[in-house]
Amino acid sequence: MSESADILVEVRGLEVHFPIKSGIVFDRTVGHVLAVDGVDLSIRRGETYGLVGESGCGKSTLGKAILNLEPPTAGSIVFDGVDIASLKGEELRRERKRFQMVFQDPLSSLDPRQTVESLLVEGLRAHGMDTDKAKTRARLRELMSAVGLPVAALSKYPHEFSGGQRQRVGIARALSVGPDLIVADEPVSALDVSIQAQVINLLQDLQDELGLTYLVVAHDLAVVRHISDRIGVMYLGGLVEESDGAELYDVPLHPYTRALMSAVPVPDPQVEDTREQILLTGDLPSPANPPTGCRFHTRCPWRQETLCDTERPQLRVVEVEGASASHRVACHWAEQIAAGEIQQHEVAPTLVDQGGSGFGVPDVTEPPHQMQAGDAF
Amino acid sequence: MDQTDEPTRRTSYGQRRKDRIDALAAASIDEEPGISLIRSAWKRLRRNPIFLVGLAITVAFVVLAAIAPWIAPWDVTASPLLDKVRPQTNPVPGPEPGHLLGGDDRGRDLFSRLLVGSRQTLVVGVFATLFGLLGGLTLGTIAGALGGWVDSLVMRIVDVLLSVPSLLLAFTVASLAREPSQWTLIIAIAIVQVPIFARLLRGAMLAQRSSDHVLAARSLGVRPWAIVFRHMLPNAMGPVIVQATLSLAVAIIDAAALSFLGLGNPDQRQPEWGQMLGLAQRYISEAPHLAFYPAGCIIVVALGFTLMGESLREALDPKSRR
Amino acid sequence: MIRFVVRRLLQMCVVVVVLSMLVFGWLRSLPGGPVSAMLGERQTPERRAALEAALGLDQPLPVQYAKFMERAVHGNFGVSTKVLPGEDALDVFLSRLPATIELSFLAMLLAIALGIPLGYIAARRQGSYVDTGAVIFSLVGVAVPVFFTAFLLKYSFAVEWNLLPVSGRQSTGVDATRVTGMFVLDGILTREWDASWDALKHLILPSVALATIPFAVIFRITRASVLDVLDEDYVRTAEAKGLTSRVIRGRHVLRNAMLPVTTTIGLQVGGLLAGAVLTESVFSFRGVGDALATAFREKDYPVLQVLILAAAVIYVLVNLLVDIAYAVIDPRIRTR
Amino acid sequence: ADSQRDDGDGDGGGGSDDGTFIFGAAGAPEMFDPFYATDGETFRVTRQMFEGLVGIKPGTAEVVPELATEWTPNDDGTEWTFTLRDDVTFHDGEAFNAEAVCYNFDRMFDQNEAGQTAGEYWGYVMGAFSNDAENSLYQGCEAAGEFEAVISISGPTSGFPTMLSLESLSMQSPKALEEGDANGIAAEGEGFSFPAYADAPVGTGPFTFGEYDEANGTITLARNDDYWGDAAQTSELVFRVIPDESTRRQELEAGSINGYDLPNPVDWAGLESDGNSVEVRDPFNILYLGLNPEANPALKDLNVRKALYHALNRDQLVSTQLPEGAAVATQFMPDTVSGYNTTIEPYAYDPDEAKRLLAEAGAEDLELTFAYPTEVSRPYMPDPEKIYEALRTDLEAVGITVNVKTASWNGGYLDNVTAGKYDAYILGWTGDYDSPFNFIGTFFGNLKENDFGTEAYPWGKTLADDLRAADAVVDDAERGAAFETLNQQIMDEYLPGLPISHSPPALVVGPGVDGVVPSPLTAEEFDTVTVGGE
Amino acid sequence: MTQQTHRPSQFGGGSAEPLLSVRDLRVTFQRHGEEAFHAVDGVSFDVRPGQTVGLVGESGCGKSVTSLAIMGLLPDRGNHVEGTAVFDGEDLLTLSRSAMRDRRGSDIAMIFQDPLSSLNPVVTIGRQVTEVMERHQGLSRKEATPKAADLLERVGIPDPKARLANYPHQLSGGMRQRALIAMALACNPRLLIADEPTTALDVTIQAQILALLKELVVDTGTALVMITHDLGVVAGLCDEVNVLYGGKVVERGGRHGLFKNPRHPYTVGLLNSIPRLDAVRGEKLSPVPGSVADNLPWTSACAFAPRCSNAIAPCTQETPQWDGDEVVGFRCFNPMGGPR
């Protein structure tokens, strides 16, 4: 955030609330799902910003809101100097060629009735870039080779491709109008492991070639870490931590980030047998009725008597060893936790929903021993 | 011994692979042009005996209807057997050489009338479904595309229409006409179909509206009307087309019922199955075959369309592709 | 739940008022009318005008409607002109209702008792001859006109084999006490078993004829729904638990498959009312449908009005009941 | 289809001593006060319970004494003295006498507004009610003695006293009328609400009212054991309402009814061969093809109308479409009616002549809007559609373009005919009683309002006047001659419409039923019927 | 041959007899008018008491079909099963329907992938748990209910008594999966087959469920067949790992051996294509090229050959044979890594 010229997207106080309706004769709004609830973030030109979090925490909604595909309830999204959130109709439509989206499910995001060619030409046509037949043709070839598909694929229908190939088509479509920013919503989570890697590599190659800026949404921390320059961790509609990719892994500051990290299984028995695990109790509370104060306090093993349940922590830079100035965290007690001043404790199941009591996690190589949830090894 | 801990080897290994991916990606997409969903559904349908039976019936029916006037052995308005008709002793002349099924109560050749009767039946069925489809498409598209209060309004109207039993509604509409004709019949049946199509299409349109590929088109900046007509409508049409096939059967049965009740075309010069059935009612005790033939024809044709529609539905329903 | 019911009832009131206007306007825009029904060949413009004036039919439509509403508010829906001349139309409806309830009830019972098991069997043996046969049978049932079905039924069961009565509700000479107007029930209540049995025999053929369409629909929905449910993971789970096929069929397959069937049954009530018109006429069964047919033929406007509105109310109420029942059997709605 | 019916098993034989006669009716009676009734189904029931001053000889249309043993008019035919039977009591024990007769007539005359509209037959034959007394045929009734009633009318007419045989003008118990507030009819909404009397009729006939089981559609009448004449043969008479024609037949075949009216001519042979007897009535009706010169001016030309008539192959129509016993009509009334002209020759079927006449009239391209009614079956046209088809084919054969029109009987057909919307249409008439004026007077007697639009013709007024003059002739023979002349004129010079045929309506009774006397007026009395005995 | 399954002797003593021994399992789908398709093509593996055996592979490689075939849960028609699956001395594949019914749920239990769709939405959790006990242990519903509450408690569902009356939709995803596990454990099965039990769940919930499974295996000595496509899950849980490709086991090993020294190019490819939290950042992944659609038929080639970086001439001409035994082995002409 040193140079504002570097910043492509600047999101301030973004909120997306979905009304919950009900009524006797006429529907009234009786509440809101706070899908995104006060997010600030900025994405620099050319970087990959990764967004992680559990299902339902608002990642996709945030991604869509940034593209104004989901109209924000509040807040501003300044894209290269233009506030997208306030744009409407034709203006917004014309602006769209600068930011594109890649979807999670490659099949459902492609119109099953259109050939790849017409899918790709459509974007060009919408922005008046399809004036010259030969040029269009050349552009299509270019796109196909960029995503590693043969030109013959142009005349095929989406259902005739494999999952990975479909995702390539989806990427080609996003690229067709020459965007600066691509929001990729879980671009690989519907794909097989071996195919995932192909698509991740492709995304990286394209970024190198075309200087794209990415916002990658995923629930898989490993995937996000692999491709992101910076990572934001979301919990229940808000960012709880944001930092450079490597640093987040080395110095996770937010208890939720720690738990998330420790939950990801590593395909290495050695690591699996020895690493510490923080088992969270229970599930994500409902975004229609989020907990007061820190949204995580109901599941937090480091929860304190004060502040946590009354005041919502803001993202802030903390003075912790190894944490750089761009590392922000929304935790009242981040410093104390990092310093080991606050110890983990057992979390009782909360009112919000079904909690889980602790379970022993046996170590598979050594005689199993009981472990309390939240006990750090 | 694996390469995992050797970055250099790994890169080259990776590079090798990358090349292969592209080669492979190319290889696995054969050169022939793509097969649309419809074509692949057809491939499945081709092997479905139920569909084939339905198709055979339907095609036979359509072809017969097309060529009926030329192959019918007798002029349907002439009464070659009239001399044999005696109201009490021989109200309906029986079969004889040259008259396969005998005659009707006016001494007209029954077989010829059955053959030619397929035409009006087809016309009524097709046009009623077509008009119903058009009406339903318009309403459904408006409701599904615009949403909001327009949607609510349209759907309330549709609800009211749907809450009246269909035949009763058709009967009501048909009886409103001062002079029954083929067209009042068609309109009456079409109106009954409108809410069905509208609701179906609107549901499918709403599903499309929130689908990823429509979102994708929106994010591409495709103009709203183009999204409606290029993406939403074509994809929402699947269930509608299936319903249209089924509706053809229903339209034929309803048309028969209405002309049976005297609301159809009053002009007997051109035969129609429902009307023939209605006329046969009087002879039900003495000459039930007069009712039997047109009823049989209606049943078979309705069955043809239904079998086709049902198997189409199954073929297009992703759930049934096990 | 109560909010839901109140909401639906309010909606129903709106529907009924709108419908009453539509029906009122519709009937009066029909060609012909009660006057020509009363006068027949003796009709002359003069006599026509006199009769119209006497009946208030010469006044502008809104005035007529206003008068109708005014009377309706006082519980007076106009007197029947032809079905039961001189009787209040609502009373005509009420007096005919028990017969139709009796008939529809048995028809629905038949349709359900046949449709659901057959639908289940057809689904279990999808693609088999049983399945194909049942599907075609149900389609044929829908396509055959009621008068034809009725004729065949009467011909074989009543005339040829003399097993059942041809038409009517009770044999001549059976002296029965009337309590509810539902003859079978009346016989049971008064312990006049013969009368009850006789009335039941009269019910069988018309209810079979009336049941064909709901049977076909219930059969097909059951079949489709069972097919869907059989594909569900929880059925596989139940199999994996080694449960007996009886438990799987009842608790896991049918209980879920019945949900859409329940709604269908409600929707069929509307169809049953429509079907009763033909069936009751053909079987001389003095119910609402027969009254509707007569009223339409003879342009008995007051009765037509009451019958159509009543049908709409019944339809809405039945569907409301179905929705409530649905909520009761589907915990996903009940516990929300 | 042969019925394998077990004859002993019918429900018909049940009940007391002499059995029950169960008759299948096509519709329910409207009420039981014949005065307000208009339809055949009601009259069929009330006929068994009520009698008029004059009656009809069974099996004919001839007038015979009934409650009056004789009647004599004064010289100008305006005062009629009726000598009454002295052995008659009403079902409620009230005595039948001249006072009762006058009570009845005054009751019928003195109707409130609703009653005037509802009391249709009175209005039809008498013209007006007490509030408009000068226009009424009926002028008053006086009891000249206990059993002598004098009825005054405004002028002689062919219809009086025959019209007293009308079911509507039957004698009813004054006490019951009084107690049941018989005149308390009111218009309510679109219908009439009837007084209590309408559900509890009291007459003098061979049967007394039992009950109307509305829920089951049965009307039960019981034998009147105190009947002045021969007591009814069956102890019970039941009418079962069976609207569907084929159901009536099946009920008969199943043995659960003993007879029904208007069997489909198609079924006659089959019914007979199953052991039933089809009783064919003499035709007392006329089917005609109505023409309306106002709707189509080309029809104003007599030659065009004649051409149309020559185009019709009525012999073929009668033999192929109408039941046995039907006859080609030569004039607008059946031959049993006085005033029938036996010398009129039918118009020959001659398409060439038809074409020639059309050409002569310059109407080769004649286009006709020709209509028929649906959802109806009348005694004179069991099947309008079929008759229409035959007529249409004939018309087309001589080069006329026919625009087919239809509407249901009550759903616009009658209205459209009355309103003159069709160029041509088929319609007919069944006589109420034996009077020529009841036929042609009804058709052409009212110049302003008749379906034939005779006002458009130069001779229209003459015809109407002539008809009324003929009707006012007191002497029967003279009057007959006048009507014969008129019939001739109508057919030769006027031809306002084309009389087609007379059809015999039938009624059918099951095996073992005897004593049914078919009436041309379709007015059978069932007291002579016996059931069972096999 | 050196890899030790690290816990075979804890239960069943010595070199325990396999509890389940699958030999040459072959499942062929034959649809009307379509070509026969071998979804499972000669799979063999053993499961010993107390052992956790993993089946890993990409989507469509036949994992689920294998488990369903063992359970006798394949659809009634359109398929053909060959081979043997000996459980406790009996071949499950030839057992009568009713005998198989008796085994299912009592001796062998199964957990499915999607906890919501795998639970009957209109029957209470309690009933769905008790019905197994009623069926197999002859308990009455009344007797079974407290046991069901105990079970729910054991799998970590808080306030189990109240939960018995809940319907599946009233529980969260993790709780539903726990309930499913409770049902599977109701009759103390000796073998538990878990088909991707955590795929539909979030990582934090996945960790909870995996922890639970681990504990159960240890506590009860139940043998566990773990089906997953996630090598990470396998690494943390399994004693023995079978890698499936195109309906055949292409490599097998103890988890330490397999992860450290993978031999089959497919296993290697899989391992290399997973982004790892502990990997050096910025490194490119090395994906397996192509997709399953590129497979060759096993009949005359190695199905993996078209995607294989190590493919040599015989790979496209012959079917590679199993090189190894019931404990370790692979199916490759040109394996990666040095000779063992």
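Note that the chains are named A, B, C, D and E in the order they appear, and that numbering of residues resets to 1 at the start of each chain.
Keep this in mind: a residue touches a chain if its C-beta (ideal position, glycine included) is under 8 Å from a C-beta of that chain, and two chains touch if they have at least 3 such contacts.
A quick map from chain label to UniProt name: A = ATP-binding cassette domain-containing protein; B, C = ABC transporter permease; E = ABC transporter ATP-binding protein.
Worth saying up front: this structure is predicted, and the values here are computed from it rather than measured.
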Minimal path length between chain D and chain E through chains that touch? 2
The larger set of C-beta contacts, choosing between B-D and C-D, lies at C-D
So, what's the distance in Å between the C-alpha centres of chain D and chain A? 90
Determine the centre-to-centre distance between chain B (ABC transporter permease) and chain C (ABC transporter permease), using the mean Cα coordinates as centres, and give it in whole Å. 27
Would you kindly tell me how far, in whole Å, the mean C-alpha position of chain E lies from that of chain B (ABC transporter permease)? 47
Centroid distance [mean C-alpha coordinates] between chain C (ABC transporter permease) and chain A, Å: 56
What positions in chain A touch 2 or more of the other chains? 162, 165, 198, 201
At which residue positions does chain C (ABC transporter permease) touch at least two other chains? 30-31, 147, 151
Shared-contact residues (touching 2 or more other chains) in chain D: 1, 246, 250, 375, 407-408, 411-412
What residues of chain E sit close enough to touch chain A in their complex? 6-7, 58-59, 156-159, 163, 171-175, 178, 202-208, 210-212, 214-215, 217-218, 229-237, 239, 255-256, 259, 269-279, 281, 284-289, 291-293
Considering the complex alone, what residue numbers of chain B (ABC transporter permease) touch chain A? 14, 18, 21-22, 25-26, 28-31, 33-37, 40, 211-213, 215-223, 226, 230-231, 234-235
Which of the residues in chain B (ABC transporter permease) come into contact with chain C (ABC transporter permease) in the complex? 50, 160, 163-168, 172, 175-176, 178, 249, 253, 256-257, 260, 277, 281, 284, 288, 291, 295, 298-299, 302-303, 306-307, 310, 319, 322
Parts of chain C (ABC transporter permease) lying in touch with chain B (ABC transporter permease), wherever the complex brings them together: 15, 18-19, 26, 29-31, 132, 135-136, 139-140, 142-145, 147-148, 151, 228, 231, 270-271, 273-274, 277, 296, 312, 315-316
Given the complex, residues on chain B (ABC transporter permease) that touch chain D span 77, 79, 82-83, 85-89, 91, 105-107, 175, 178-180, 262, 266-269, 279, 281-287
